[in-house]
């Protein structure tokens, strides 16, 4: 590995200064190559309720200025043990969903072809489908660990197959996911019918709900994830609405009764023990955020995911 | 039971579309009769600090657009197993408290006379008194489970007997409550004097405080509620300020150190095992809310209460 | 004309009470027929920058609760001199623009077929195209007076012909507008090139810019509108971003240097002298609004437009 | 006059430091006597729409920290040419309007009896009635210049005679105002009926509307005020909603199309030429304010009114 | 002890009325002497990211209006068992950090010389250094219990030794703290390097991190504090950012994954068993607060600290 | 002139996509050389009231995404007729004002030495002093046209000579400004004493106040600027608080009664006729902004200033 270039030195340039890249990291064009590419996908045309996640990437970048280079929780230097760079945004068509999805798959494949893992910042959850397509082309079926208030395995909505409520059904149908190793974490709130759960199981997902966390505790949830996923190639997809609205008001389909940010960060840390191949954090809708509460939570989620990628390299 | 009419079909009408009724349910005038009437009482003239709960009903309606028909937490279809309809608001005099209270009792009695249970959206907590009067006329003394940061059993304030700080003292004095089966849950924050607690006990209330939840855990609190209430006719009154300000900023007398929305929803679910005769959620003050954090929490509280009413029908 | 039913009596039902219809008017299903149908179109999939106008109709309804029945500025009783009713929202597909446009044209045509004029609340500006198609089918070429910061006569965007930046080009190309009598009012801010203006002229529009209002004064602008439009069948389309961001922060593509709400209302009043056949107010994006500044401005715009429709009946 | 004590020295104590009095002036108990007493009346139980003006006095105090001692617009030193002190708030019953009104009249009379003029910070507009009663007892009929979007000469509301919509009708009926010299400035927005205007005229008011200001210009409005009022003992009552919502979002019954703060301040300056006996600024509802826009406007209004009192002393 | 004077009687003066002192307590100049002086230090020139804590004292005062005189959690009457008074703010130079620090030490020493304990409201964390200097002059080395997301033991920043990131390093170097009894509680988030932790240990601090609280539970954290501190003279310094951003958005360097306000209040209560000599709550930045969530949390923290001081007197 | 590189093509990359540079222009390191360098100075340690302008540069960049390449108001293509690039931020010491000022002068001089004009985005107004020093070294005495609510010619504050209230006094004393051609525009609000005005005149400034604009109209103000400045080398410094708080809430020392954004933009356009050598827009404090009202106004101000620089090249 060539010598890595980390964030701008905060003792010379204050954290609030300079054009915002994620964590004040170098741009991808400033480094030879990257082990991890942080890439934004400003797309929200798949949203069924509050739109605005198209501003997610810029908001999370601005909210990531305080991140520092050493992660004491997992004893990792995520930006020194691997080269991490900001690849900017993938520009996509806001009016034609299918074109947008095709662009995302193409551009993600190009980045993956350089050997980089992707840490994607959404955008709405629709983008998980083309990302899984691109990853599947490399890795085959993938263990997906999906943090979300919602299942996102609905079928169609207004006759459209690819929206932010459907990526994991499509992914399952297309054989992109490892149906023996995938799961949802943080599910809560009302559904359309009990059939939703039956369908979801059929599509290959286990569930750790927010109730499970409340009643059985966090360690039990961590064990469930470990047991389900093992060392399979794993993709982690974090819909920020897995957090309670008090911890993440800036999102499109908020549901009361969610995780705390402390619980979520602790859960994500376990992927350092596993085989994390790429990840995303999606559904940050800045127009509904306040004082970057949601943006900061998402930035920390991305930081822990990148740390988990670094930890994985150490093993 | 006549065939119920549930929420508008979200696959044909997007959730953000249409004139807002609670959960996009039919209006009461659109159905033959209702098992549960959701009714707003836009009254806040009994408030001692931040007013604004008069806008609570419209705010909770707007915040309830995402509610779906199946409750997986309790395996209930709250809008299919019973007819639920939005009865609109009871218009009350904002300048004369006693007239307002009389109107509320009258209008609530009319709704109850149709056989409907009431799911009331406040408005400030003053409204619990006339609601209990109307219910007592039917049920006799009622087990009241009162979720709140505050006791609401003070005596008078500025010489006035019926304000949002006094409904449960008045109710106890009038014999409306079952003094062997009533309780406060979520109490916290400073009081005027230790005498407040002694008075409260004398008025027939037990207390599960927020400290109790922190120290003894949620299961202990659930047990305390079950043990106190049993199968008596029960009224649940939820002051949204029982939640921590982080989970419910939009309220009139916020106190730090409250419940999470996840804890509150879990607590409410147990009333499905009991004999829930009606309920309210009050003190949502939208001018202090952000991104509907508080409105969504209140909408979910109402949803779980309605679910508990449905579950009760099944037993 | 059948006996009209105006707003709910505010001396009996406080303005903040009740399920929100526009100006607390009756719903269309509560009246025999309407002279003016207020209809929402919660659609924002044509937006190029900040989305969120799908919540415009509900926000403007909530912001219209203070409107009273007599308009002293023009000595009109807009709800007594004509039957005005709230027709609810036209539910449209948020994912497929062309399907949405077809639905809007169809549903608007149905309403127009009852003899009602339409007072439409958007939604983004894309909706003006199907509305003009429906009106053209009845009236032939229409004088369009378009209040906006932007020309909205661009060609395509990301290969798509019908977005919120293109309705008036499409309308001109299709022969829907009277090219001798149409105009933009309030134009300001940077363009892509000088060619934009040349194209716009070719498409049949004259311009009164915000600079013109600043330099030449409001009376000169009023004269320009009168001279251009005369007594032709006229459609008024108000993009709320014609107001300065200080007067309308809650919109999708704000530009500094706009009109005041006082100027805009005064301009709209002159359509009482003309032949106003229908109108819209669009691009209210509530997530960016504060204290209903924008919603109230839009509600007053709609009120003045409805008043102008009433005034036209008197002549 | 004893030597006056002005604001705290900002070169020693930063403006953001210290317990907030109006303009960082001394408290009334710190000075021998005052020529002008700034007094808050935290009362909003007369409000018909958005409550919250009970927090007006503290909000305007916090928003007044930037005021400096010299007024260049009128070449007056308002705190040096007269002793101005903060008299704190008049505590009033929030639940019984009549008791509150009696308290206000009593406490205002006590302050007036010391020879001080009152610069009152509301609170809702109900408070103008007891203030006028107290002033009338000293001065007889008073020329009232009332800046407001609304007439505030309605009769009763929900059977109550004294609300924030009625003070000037009551005052006229009681003979408190000089019916040959009173007026409203800034009126706009819909009314209940044309009869409202006829009644208003009968009660002794002339009107300069916002339309008049837009069409005829500010100098014409100033002339109208001068001509109407002359040198009669004059009370100026400023409802902050006379400003456009863009300039004053933090108020209870906002109407589009209002004055700019620049226009309002210029209008108020003319009272330095007249015989200003006391004044108020009311209806600041902080929960709807942003970044103190409204609070700062109200603080400047009070500052100009106090300057006008100082200027009057010079003549 | 002379008879204490408590808060203004809320049954005569509503809580929202009157010039704001902390908890509506008397000013220091209104009492003979105080056992506890609440003092603001509006200083934020040591901030490295979001400034604004200079408005902290006035914001916390406004947010403390709801505090009542009896603390049921610890059965203490904090304002009756000891005289507590509001000493106003220490005005300090915003442009020269060293001058500000000298002023703070001087003014704090004067207050301490009267025998009062200090309950300081910041201001940024820089102020802890001069406060510890003043306390050390009386008590010698002090057990510091520091609640914070950050260590605040960095060395220099931009060549400056005294900023909000360095007070506890300076204090340790100067021998102000008891290196056998000091600790940080609530630490989380990324650091510059693993060396930060080694340095911190060398400077005399133990750590209870947020992860420790999540994994080991609150009782374990309480035990750790008790074991470390014992009965030594103890100073408690609470950076409000120890709370999760959901519970305290209004602060300068927020980090996801923090404490709940319920946990923090419970932790602070244990100092009633110990020897609490003074305390601070700092880093409230009101411009980023919403609905006083952060201000109320800080006010409750101060209330519990004052209660702990009262409890200590009882032993 | 080398071929310019304008903003990113919005028909390929949506405006909300990509890492934010000003107007989505290239970075300085992406072009050979620039005629105009847009440079941020994130410094606010000279602020006397609300801090936060250190976040001004990033906020204005994010608020400038909608700017398009052709300016119809002045028929200029500001990014095509000259090479404009984003030079990023000058990182400066937040704790030592004098060091910060020295850094700014040094870095600005380096940029100027490349032949570029500077369009600086503050930061607080302190930065105007080192910028004028750097410009004076090239141009000699400069005509300064200063748009502001405040004179900014005070002497010292807390013993410090260089704060945001003093740059133009220092500049005058140092001979940096052309005392026959400098002026303030938009002055309003209270001063410390009449002496402030006398001093200001002595320092070489004429004043066009907001009252002058209200009373005499905009054309008169434009004439005054033209007459005062002529064709001298001119620096325009825009404190965003020259706008009314309704048009620019996000600033540190707001004063009611300001300019509209429409007036300000019109005023700035006249510098296209003059000899504009560099410019700044300062005092945007994002924490107090809403929906980018202030950021957008500042972005448009910068756009018009850059347009004026382009227009000047044409003459």
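The letters A, B, C, D, E and F name the chains in turn, as written, and every chain counts its residues from 1.
Simple rule for what comes next: a contact is a pair of C-beta atoms (placed from the backbone, for glycine too) under 8 Å apart; a residue touches a chain by one contact, two chains touch by 3 or more.
What you see is a predicted model, and the numbers here were worked out from it, not measured in a lab.
Enquirer: How many degrees of rotation carry the C-alpha atoms of subunit B onto those of subunit C, rounded to the nearest 5?
Expert: The C-alpha superposition of subunit B onto subunit C needs 180 degrees.
Enquirer: Which of these, B-D, B-C or C-D, gives back the D-F interface, meaning over half of its contact pairs coincide by residue number?
Expert: C-D
Enquirer: Which integer distance in Å separates the CA centroid of subunit D from that of subunit E?
Expert: Computed from C-alpha means, the inter-chain centre distance equals 40 Å.
Enquirer: Please work out the Cα centroid separation of subunit A and subunit E, and write it as a whole number of Å.
Expert: Distance between chain centres: 37 Å.
Enquirer: Can you list the residues of subunit C that touch 2 or more other chains?
Expert: Within subunit C, the residues that touch at least two other chains are 14, 16, 48, 50, 54-55, 94, 157-158, 244, 246-247, 260, 288, 290.
Enquirer: So which chains actually touch one another? I want all the pairs, not just one.
Expert: Per the contact definition above, the touching pairs are A-B, A-C, A-E, A-F, B-C, B-D, B-E, C-D, C-F, D-E, D-F, E-F.
Enquirer: For a test of understanding, state which residues of subunit E touch subunit F in their complex under the given definition.
Expert: Of all residues in subunit E, those touching subunit F are 44-48, 50-52, 54-55, 93-97, 99, 157-160, 163, 285, 287-288.
Enquirer: Where on subunit A does subunit B make contact in their complex?
Expert: Its residues touching subunit B are 48-50, 157-158, 188-194, 196-197, 209-211, 214-215, 244-247, 249-250, 253-258, 260, 288-290.
Enquirer: Show me the residue ranges of subunit A that touch subunit E in the complex, using the header's touch definition.
Expert: 11, 14-16, 65-73, 75, 77, 218, 244, 246-248, 260-263, 265-266, 290-293, 296-297, 299-301, 303
Enquirer: For subunit E, which residues count as touching subunit D in their complex?
Expert: Spelled out, the residues of subunit E in touch with subunit D are 12-14, 16-21, 27, 40, 42, 54-55, 57-58, 61-62, 86, 88-89, 91-92, 94.
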